[in-house]
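Sharing a structure, written as C-alpha cells. Questions coming.
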Amino acid sequence: MGVDFNLQREFDIIAIGRACIDLNAVEYNRPMEETMTFRKYVGGSPANIAIGISRLGLKAGFIGKLADDQHGRFIRQYMSDAGVDTSHMVIDREGHKTGLAFTEIKSPEECSILMYRDEVADLYLQPSEVSEDYIKRSKILLVSGTALAKSPSREAVLKAVQLARKNDVKVVFELDYRPYTWVSEAETSVYYTFVAEQSDVVIGTRGEYDVMENRQDGKNEETVCHLFGHSPELVVIKHGVDGSYAYTKSGEIFKGQSYKTKVLKTFGAGDSYASAFLYALIKGKDIETALKYGSASAAIVVSKHSSSEAMPTVHEIEQLISERAEEKS
Amino acid sequence: MGVDFNLQREFDIIAIGRACIDLNAVEYNRPMEETMTFRKYVGGSPANIAIGISRLGLKAGFIGKLADDQHGRFIRQYMSDAGVDTSHMVIDREGHKTGLAFTEIKSPEECSILMYRDEVADLYLQPSEVSEDYIKRSKILLVSGTALAKSPSREAVLKAVQLARKNDVKVVFELDYRPYTWVSEAETSVYYTFVAEQSDVVIGTRGEYDVMENRQDGKNEETVCHLFGHSPELVVIKHGVDGSYAYTKSGEIFKGQSYKTKVLKTFGAGDSYASAFLYALIKGKDIETALKYGSASAAIVVSKHSSSEAMPTVHEIEQLISERAEEKS
Amino acid sequence: MGVDFNLQREFDIIAIGRACIDLNAVEYNRPMEETMTFRKYVGGSPANIAIGISRLGLKAGFIGKLADDQHGRFIRQYMSDAGVDTSHMVIDREGHKTGLAFTEIKSPEECSILMYRDEVADLYLQPSEVSEDYIKRSKILLVSGTALAKSPSREAVLKAVQLARKNDVKVVFELDYRPYTWVSEAETSVYYTFVAEQSDVVIGTRGEYDVMENRQDGKNEETVCHLFGHSPELVVIKHGVDGSYAYTKSGEIFKGQSYKTKVLKTFGAGDSYASAFLYALIKGKDIETALKYGSASAAIVVSKHSSSEAMPTVHEIEQLISERAEEKS
Amino acid sequence: MGVDFNLQREFDIIAIGRACIDLNAVEYNRPMEETMTFRKYVGGSPANIAIGISRLGLKAGFIGKLADDQHGRFIRQYMSDAGVDTSHMVIDREGHKTGLAFTEIKSPEECSILMYRDEVADLYLQPSEVSEDYIKRSKILLVSGTALAKSPSREAVLKAVQLARKNDVKVVFELDYRPYTWVSEAETSVYYTFVAEQSDVVIGTRGEYDVMENRQDGKNEETVCHLFGHSPELVVIKHGVDGSYAYTKSGEIFKGQSYKTKVLKTFGAGDSYASAFLYALIKGKDIETALKYGSASAAIVVSKHSSSEAMPTVHEIEQLISERAEEKS
C-alpha cells in the first residue's frame, strides 16, 4: 500500500512548470472593477506545490523558466527563501514576461481569475534546459498539466517524463487544467492521455479527467480501469466539497472527506492538497492518512488571502486533523 | 500665429490609440522586487491626454479597443466618468488583454516601467472600426506613435489620418515612442516619417525625433526644415529639464522653460504637457503661453502618484504659472 | 506634356519587389489537374518590367530578396543575363523560399494562377537593405503594389519611396494588386492610398483603383481628382479590352486602344504594357505614343507562352504599331 | 516469428500523413538551375507507401488533408485510381497549399530535394478529423514521422496511435525524418521516442534512429534494447548500401542485402522498401523473405524516374529476387 519511492534520493520532489505572480485583490468581496489595490504573491500550481512541500520540511527543487525582470527576480528570491532549490530555474533571454493572475473575490463562492499567459517565460522552457542529472537526484518528478499547453515547454516536460522513467523517478501528474493557452480540448486530451499513461500517480478533479478523456460526465471506474492498464499505480480523483477518492492498482478505494472551514476564496486549494498528500506518501503514511493531510492543508489555505504564502506547516495540518477528530468523537 | 482650428466642430480632440492600466508601486523609493502592493490607474499616453483635456473643460473623444474583461470595463467607466466620450471605444472579442505598466520608482531620477504589451487589445483596433463620421466631428485628431507599432492598429491609425486630412481635421502627432512592440528602429522611422509629414502639429522629445530620423544627435533645425517641407505648421521639440522649443512654419521659434517642482516620478510628464499645451492652442492663446501651460501641467503631474488621476484643472495650472511669475519678479 | 525625368541619372528604372518563378503548363488548353509538365520562367511583375525595360535597351536595376537555393540562383542569373543590374538583389539567409506561380491555361479566356506565396523570400526584404546611394542613381523608382502586402517588405518599399522623393527620383506605382497575402482590402486601401498620393505616375486597372479606394464601380474622374490633389502628375487607368486612359495633372486625357492579337493567355499583359509605356516616356515620346507602345507590347506577350522571356524588342513593338497603322489606312 | 495481425480487418494498411507533389527534373544529370522542365507526380512517404501497397494487391486507406486546389484534386484522383481508399482524405478550407518537392538529380550519388513545406495542408490535419471507426477497420496503422513535425497534424497522429492501440491495430512507425519543419532535433527526439515506444514495428535508417535518440553513432543493440523494453516487437534498421537488419523481441536478428541496380536517383527507395516489406509480413512470409521483398522493391524504384508511379507489382519484385538468386547460384 502506498507508493514505493527510491529513498536514496536527495530531493523529495522536483517540480516542473510555471512559477508566476498572483495579484490578489486587497479590497475583496466586490467585482475586480472596484478593486483598486493588488498584493503580489508567488503563484502557479507547481511553484505552490514546491513551496508547500518545502514548508512541510521536505526537500524540493524546481525546473522552470523565469522572465529577466523584477517579477522574475522576485520569484526566484521568494522560492529560494522558502527553501526550494532554484538552481535549475533558468532565465529567459528573449524578453518573455512573467505570467500574471489577477484574482477577483466577489464572495467565497464567486472567485475568478484574470490571467496573463501570452508569451510568458515559463512556456519557453526548452528540452535542452531539462537536466537528466538533476531529475535523477529526486524521488518524484511533479508534472503540472499546464506546462504541456504549448511548445517548447510541452517538449521540455515530455522529455522530463522520459528521463524520470528511465531513472526510476516516480512521475506524479497533477492535471492542473487551465483552458487558456490550449488550442482545443482535443489537443489537451492527446497529451494528458499520453502523460497520464506514463505516470505513477495521477491527481486531478473529476472535471479534469473528463477533459483528458474528451468526454462529459465520465465515470471514475472507467478512468481508473484505463489508467491501470498502463503505468499508474495510484489515481486520485477529487469531487470538490464531496471529497476525493484514491484508487490503487491493487483494487483498493479510499474516500477522503473535506474539512469545513471559513472560506475566503477557493484558489490554492488544489496545490495545498497536493503538497500535503504527497508529503504524507513520502513519509510512508497510508493513503487514508494522506487524504486527511491533503484535505486539512486545503482547508487552511482557502481561509487565507494567498496561496503560496499560506502553505501550512506539518504542525498546523496535524493540529487541524486532531481538532476535527475530537469534535467528531 | 498659433493653429487655426475648425471652430464649428463639436469635439476639441479625438484621440486614437491605447487605453491601458498602470499599476503604480504603493511602496516606492525601492526596487520593484521589494514592492508588494500596486495601485491601479488608467494609463496610456492618448488616454491620459484625453482625460487631461477633459479635466481642462474641453470635449474629448476616444477611438480605441478594450479587452472584454474587468480591466477593460474599469477603463471605460473611468474615462466616461472623467467626461471623455467613449462611444467609439470598441470591445475586443478575441480574448486579447489590457496592456499593463508596472511602475518602479527607485528615486525621482530612477523610474522604470515593466510593460505587458503582448497581444494587447489596443493593438487589435481594425481600420473598419475607425469611423469617418466620428472623426469629422472634431477639431483635432490626436495620434499616439505607439499605436503605429503593430498591425492592424497601425492601419487603423493610418486610415484615421487619411480621414482627418480629407475632412479638415487637424492632425496632432505625439511621437510617444516606446521601443517594445516595434520590430526595429528602421520600421519606426518609416511610419513616423510618413505620419509626421502628414500632420499639422508634431510633438516629441529630441530623442523621439532622432528615432524618426533613424539617426543620433539630430539637430532641431534639420528636423523642422524637413517637416516644414510637408504638412506641419507647428513642431514642438522637448529637451527635458532644458525646456522645450516650438517652431512655426513661418519661422518663429519659442522657448519654453520647465518649472521646478518636487518630483515624485517622471511618468505622465509628456501626457500632461500635451494636454495643457493643446488646451491653450485650442483656446486661442499664443504659443508662448501654450508652452507655459504645458510646463506647468507637467510640473504638477510629476509631483503626484498617478498620471491620469493627477491631471490638473485650468485653475491649478494658472495658479502655478502666476505663483512662479511672482517669485521671479 | 509627358513627365520630366532627371536625365543625368545612370539608371532608367530601378524596380523594387518580387522576382519569382512561373511554372507554365507545357500541355495547355486543359485544367491543371491534367497538365503533367511545367516549364520554368522568371516571373513577378517588377522583375518582368525590369527585364522588359532591359530588352528595350534601357538600363534597369532591381532591389529585392532571393531565396538561397537553386531557384534563387536561377533568377539572379537569368536577370543578369537579360542585362538587369542585380547588385542590390540580396540573398535571404533564413530559409525563405522563392515564390511560385503555376499557371493554368484552360483557354485564352480562362487562365488562372496557383500561387505559392507563404514565407517567400521577396517579402522579407528589410528597410536596411534599401540603399539611398543606389536609388539616387536612377530616373525612376518602380514600385509594385504586391511588395506592400507584408512586413518587412512593406517598410522596405515605403522607405524606398521616401528616399526617391528626397532625391528627385520619379516614383512610378504599378498597383499590381494580388489578393493573397493581404489581410483585408481595408489594409490594402490604406497603403495603396499613401503610396499613390506620394507617387508621380500611377498605373493600374480600374479594378485595382477600386481596391485602393475601397469601393466598387469607382469613377475615373473621382480617382484622378483625388490623386491630382497630391503628388501624381500622370495617372493611367486600364479598362482591359476597352483600352486604357492616361490623365495628366494639367487636364489632358488620352485614350489608348488595345491591339487585337491571337491570345494564348492573359498573363504578363500588364507587365509588358508598363515596360513599353515607361520606355516611351523615358525616351521623351508623347503620351499618345507611349500608350501605343504599351498596347503593342502587351499584344505581343499575350500571344506567347511566357511573360519574361516573351518581352519584345523596340523593333518588334514598332513593327506591330506600323503594321496595324497600315491595316487601318 | 513475424507479426500477428488481426486478419479479420478489411484494410491491410491505413497510412496517415502527407500526400504531396513531386516535381521531378525532366532534364537531369545537371544542377537544378539548368533544369527547365519538371514532371508532376504524387509524392510524400505515406502516400507512396499506400500506393505501393495497393500496387501489390493489398487494400490501403489514407488519412490526410489536401489543399482545395488543382494539386489537391490531382492527388486525390491519382490515389483513388491507384486503388487507395481516399474517403478519409479531407479538404483544407483555410487556403493551405500542397507540399512540393522539386528534385535535383546531378548524378545517382548527388540527389537533393528543394522542399516547399510552409503552411502545407497536410500539417493542418486536426485530431477531430481522425476517425476511430475508420482506424479500427485496419490491420495496420502506418505512421510517418514527418506528420509529427507540427501541430495540429502532430496531435492528429498521436490520437491515431492512441486509437490504434485501443483497437488492436498494429502501429508501424516509419521514422521518415526530414529536418525542415521541425524546430530542433531535441523536439524530434521527444516525439519519435514516445511514438516508437508505443509502436509494434519501427522502420528507419541508422541515422534516423540517431535523431530519435538525440545522439550520434548510436548502436543498434542499444536501440533495440531500449525499444524492446516497450511495445515494439520488430525493429528494422537500414544501413544504406550495407543492407538492413531486422530485430525481433524474441532475440532474432536478420540481415537483408541490397540488390545492385542501375541507379537513376535515390528518392523513393525507403517508401518502396517499406511497402514491399510490409506486404510480405501481411502475407505471412518470414522476416528473411520480407527483407528481400523490401530490397527488391527499392532496387526497382531507384532505377526509375518517379517514386509513386514506379512502385512495382508483386510479379516484378519476385522476378528480380529469383533472377538474382539464379545469378548467385
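The first chain written gets the first letter, and so on, giving A, B, C and D; residue counts start at 1 in each chain.
We adopt the following convention: contacts are C-beta pairs under 8 Å (C-beta built on N, C-alpha and C of every residue); 3 or more make two chains touch, one makes a residue touch a chain.
Remember, predicted model here, so these are calculated numbers, not experimental data.
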- Query: Which neighbours does subunit A have in common with subunit D?
  - Reply: none
- Item | Reference subunit C; chain at largest CA-centroid distance | A
- Message: Using mean CA coordinates as chain centres, what's the gap between subunit A and subunit B in Å?
- Response: 44
- Could you put a whole-Å number on the gap between the CA centroids of subunit A and subunit C? 60
- Per the centroid of Cα atoms for each chain, what is the distance between subunit B and subunit C, given in Å? 41
- Of all residues in subunit B, the ones touching two or more other chains: none
- Query: Inside the complex, what are the residues of subunit A that reach subunit B?
  - Reply: 23, 26, 31-33, 35-40, 69-71, 73-74, 77, 95, 97, 100, 102, 104, 114, 116, 118-119, 180
- Query: Inside the complex, what are the residues of subunit A that reach subunit D?
  - Reply: 126-128, 151-152, 155, 158-159, 162, 183-184, 186-187, 189-191, 193-194
